[in-house]
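Handing you a structure now.
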């Protein structure tokens, strides 16, 4: 079996997940090198018998016979690393978003296209078994023509305010997943966004110029709609649900729970809270997206989430931001 | 026990429900008369041993010792009947809406107030056990401060187009219940509406100048939000769900089902569809609203849904209509 | 419409239910008389405009033009009243059990047969929408050939020990419903019983010679089985579930709940407890059994639960009692 | 970190699972050798970089510095391999059952004890997250004193008849897991068994002297009970449920499903079937049992499932077999 040689840029939370999945679950993959700015990360590389531990993207890309690179470094490095990797002819998996600037995103997707390499964006939720199942029911016609998509997406708690300040705001940092999900699940393009926001969780988030609670209506090109609601803090945990209503039925994906137990006592019937943290909730999706990245890389086929998907989700995010600011629906054509 | 003497105007679908409930379940109530334009309706009156069957509102209101009147006649008669009953000093239960004209609604709520009679609007869903339970959880603080209210409200099928034409449109005919629910469940006033509509179910509805599918964001005075989605046809039946997300938790009301059975076979796990028709789904609510009307009437207390509630739901409906037409958020202060 | 004239013997808890249902929901029925030993019960009769309130079964049966009698008096009067009513040519609805003595039950079922009147036993659970739905799935072949029937039947709390002493024991008082359900749901005859009992709830029940917790295996004539578990006290309420496993699938009936709400908070997801009391849980069944009694009475057709059903449930109960005592499986042919 | 050196005897379905889990998920473990009678199995060993692939238990046990052995070979080899490993001073993980002969089981548990090595039996279901959660609720007192344990355990399809013939029968092959679960979940010893069996799935199983459908009542030493029902074929998949009813409440573990989706269409509400196959359903448990085996091995603590647990489950199985044959309750003291 021809071995695929990959390298990972960035060994933070998500980088470690990809490293672990690639080393344990993909016998055909050889993770030849990892890059991280922290010296301590070398221990992790060693634990998984990774040959090269480097400190710069140049060294990483220059590793011999490298097929592709998995970019898990901070957002502000994404565009630069993608550009460098593309120019070096490496296939690329990159965590979302590509960049917070739409111009820069357009620029690098053009570079990637010119370089003829594959670029896959890490919209991992597309690969979650729950949501894949709903997508399957849409594709196979079980619910007819989708008319209303509903996405509930609430985090267990807000990130640090320092992070919020550089995050690009809730729409580019958190809702961007939901924008992508709306496009993926419906198979439709968004033409207009109306978003309404509020600061309910932490006044500091408001002072940082962001919101922490939002309701959004997306209008697709055929006038069907998606409704998204977000909050940075759901005290009961990570709330990730999806519903597609169509001309022939409705499909729903419920939250995931650590177990299905029910306890009946004098005071009521109770059960487990949803899986609390995104790494647990979406564990299967991280593995599955790597699988589909590698499959596309091996077959030379189309990447399942491409640069245009990254571009569109950012455009919708920017439109949502503008919509909140100006309190009016904003057309995507105003943005891109 | 002092008997309460009531009369019913209109023996259509909903009038019959009230007649039956009042006669069977309220020993303290005597339905002394009913009014209907159709001769055949006399049979129904006879079946329940109602003494007087009359053809005009004048005769009905003039029945001796009448305490109150239950108005279930067509929408375009509501305001007139309420006015006449109020001026005659009768307490009033009136199906929604009071009128499609905001001016007229304001006029008659003023008349009612001046007359010193009780007026209760038939927003029956407030009296549904599912939604009452959620309201209870909001009131007792179980979910903290409500931040996002979500209402799913889909009919099993559209009314005849002829009806649609005189209905005042989906927002005044169907969503008006959801507008009232948003106010009731949150205990808050709406300050702004953004609504987006489409014609997905029947082009004839579009030709009649209406829409059949809608997504709506309501903004309350404290910047928290409600999200409503509607469709005139859900092929799987009557879809009536509610969710309130707050600072300390979330409360949900699921649909009601005719039974809880589950069938496991080779081809999957299946269960019953939701109760299909509003008369079944909301059977308990119709009885409960009569109970609370009679309780208020006997105690002389405040009516649980009053003229102002009727007024506000219409104002929100008109704002929603304007919002769709002008594709912009509309403030309630622009309407009223 | 020909009016059916019925009389009710006994105005205890269940007698009142039947009186109320008959008066409110069956326009074709006239409850002409009620009998009760307590003077106060006359008020209830008056409330429902019942013409005759009598103190003896003789007077009740002698009421003019009586079609049938509904027997809701204490168990030890059942056989006597049934005998008297049958001999007077009246159709009979009788609460379970007919009698605690098998000989006496056989005797009166013979009398009833000879008299040519209809006798329906009050196994109300057969008429519960949940269980009827499961029966329908068995009858229409959805689950193939039934192989294992499982019945969970637990009361919210034990009756007074004084009652336990004269009840005939848990199997004739409580499990008798489950024995009938096993026969009804499977459509099969029981040939053998193994029962195991314990005193877990209240030692006084043990001192009274009874048990309060039991596990039972019934074997049907075709060697398929039913499993029943009982307890006199489930702290979380009234637990009434049913499952039929067959060659092509499985059907389940869940408990009934007052509402479907779910509450998510930091401490878990919770919902309502099952309906606590049999009058609430089985409200629909009491009305439906009256309907089917009246239908059979009017059509002259077969009663949906007949004397033989009463007989068999008692025989199974006696076998279970013997099984616990002798700690061995007991064949029905040893009993009857 | 001190490396633990393990070897695996038998690379069938379950051996492969353990190999994969040990190699991927336990960095502290080194699988130094595997033994299998089939040459092809060497490929699997190679895939996981196992140094030694041998054909006999002698060679396996003789591997240098071996800490323990994981026995996944056919049942009739278990006792022999355990004996050899124990005498060589190796810790042992052995799939159930130890042996079909009670005498032999007693003999080898004595040998193991004398050798002072750890022996853990592969009752993997104890390590399933659903059942562990229920056990936790029992242990922490949430349901009070357990009074009735209910176990539903149905396979998606029967094994080949050739296998059935040498399996020791349904009770030693399939129900043995449930016998262990009853003991584990209640923390109680079984004193008596009543079992009833039938041949419903395949007459060939009957001809082989076995049954394929069973209902069992276990009586614990304190007279509380467990109820088990089994079938070799549930057309809807693998049905694995558990319920514990106690003096303060009830805890349930539902089946596991591949996803939580619901599909609403005109014809009903449907969802996924339970996970079909034991390797999927119990995937987490296989990993967790290895973890607890290794933890005990490292700490020198008590094995979480020991030889006595293996012994008792076989004794109960033999009692059940005798009970079906003689159609009477059989006390464990008659067996052991």
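Just so it is clear, A, B, C and D label the chains in written order, and each chain counts residues from 1 on its own.
As a convention for this text, a residue touches a chain if its C-beta (ideal position, glycine included) is under 8 Å from a C-beta of that chain, and two chains touch if they have at least 3 such contacts.
For clarity, every value in this text was computed on a predicted model and none was experimentally measured.
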> Which chains, if any, touch chain A and chain D both?
Replying inline: B, C
>> Suppose each chain is reduced to the average of its Cα coordinates; what separation in Å results between chain A and chain B?
In response: 42
> Where the CA atoms of chain A average out and where those of chain C average out, how many Å apart are those spots?
Replying inline: 58
>> At least two partner chains per residue is the criterion; list those residues in chain D.
In response: 234-236, 239, 248-250, 264-266, 272
>> Chains as vertices, touching pairs as edges: which of line, ring, star, complete or other describes this one?
In response: complete
> Where on chain B is chain C touching in the complex?
Replying inline: 24-25, 27, 47, 129-130, 133-134, 137, 142-143, 248-256, 258-266, 272
>> Please output the residues of chain C touching chain D within their complex, sorted ascending.
In response: 144-145, 147-148, 150, 152, 154, 194, 196, 198, 200, 213, 215, 217, 219, 223-225, 227, 229, 231, 234-236, 239, 245, 247-250, 327-329
>> Which stretch or stretches of chain A touch chain C in the complex?
In response: 234-237, 239, 264-266, 268-273
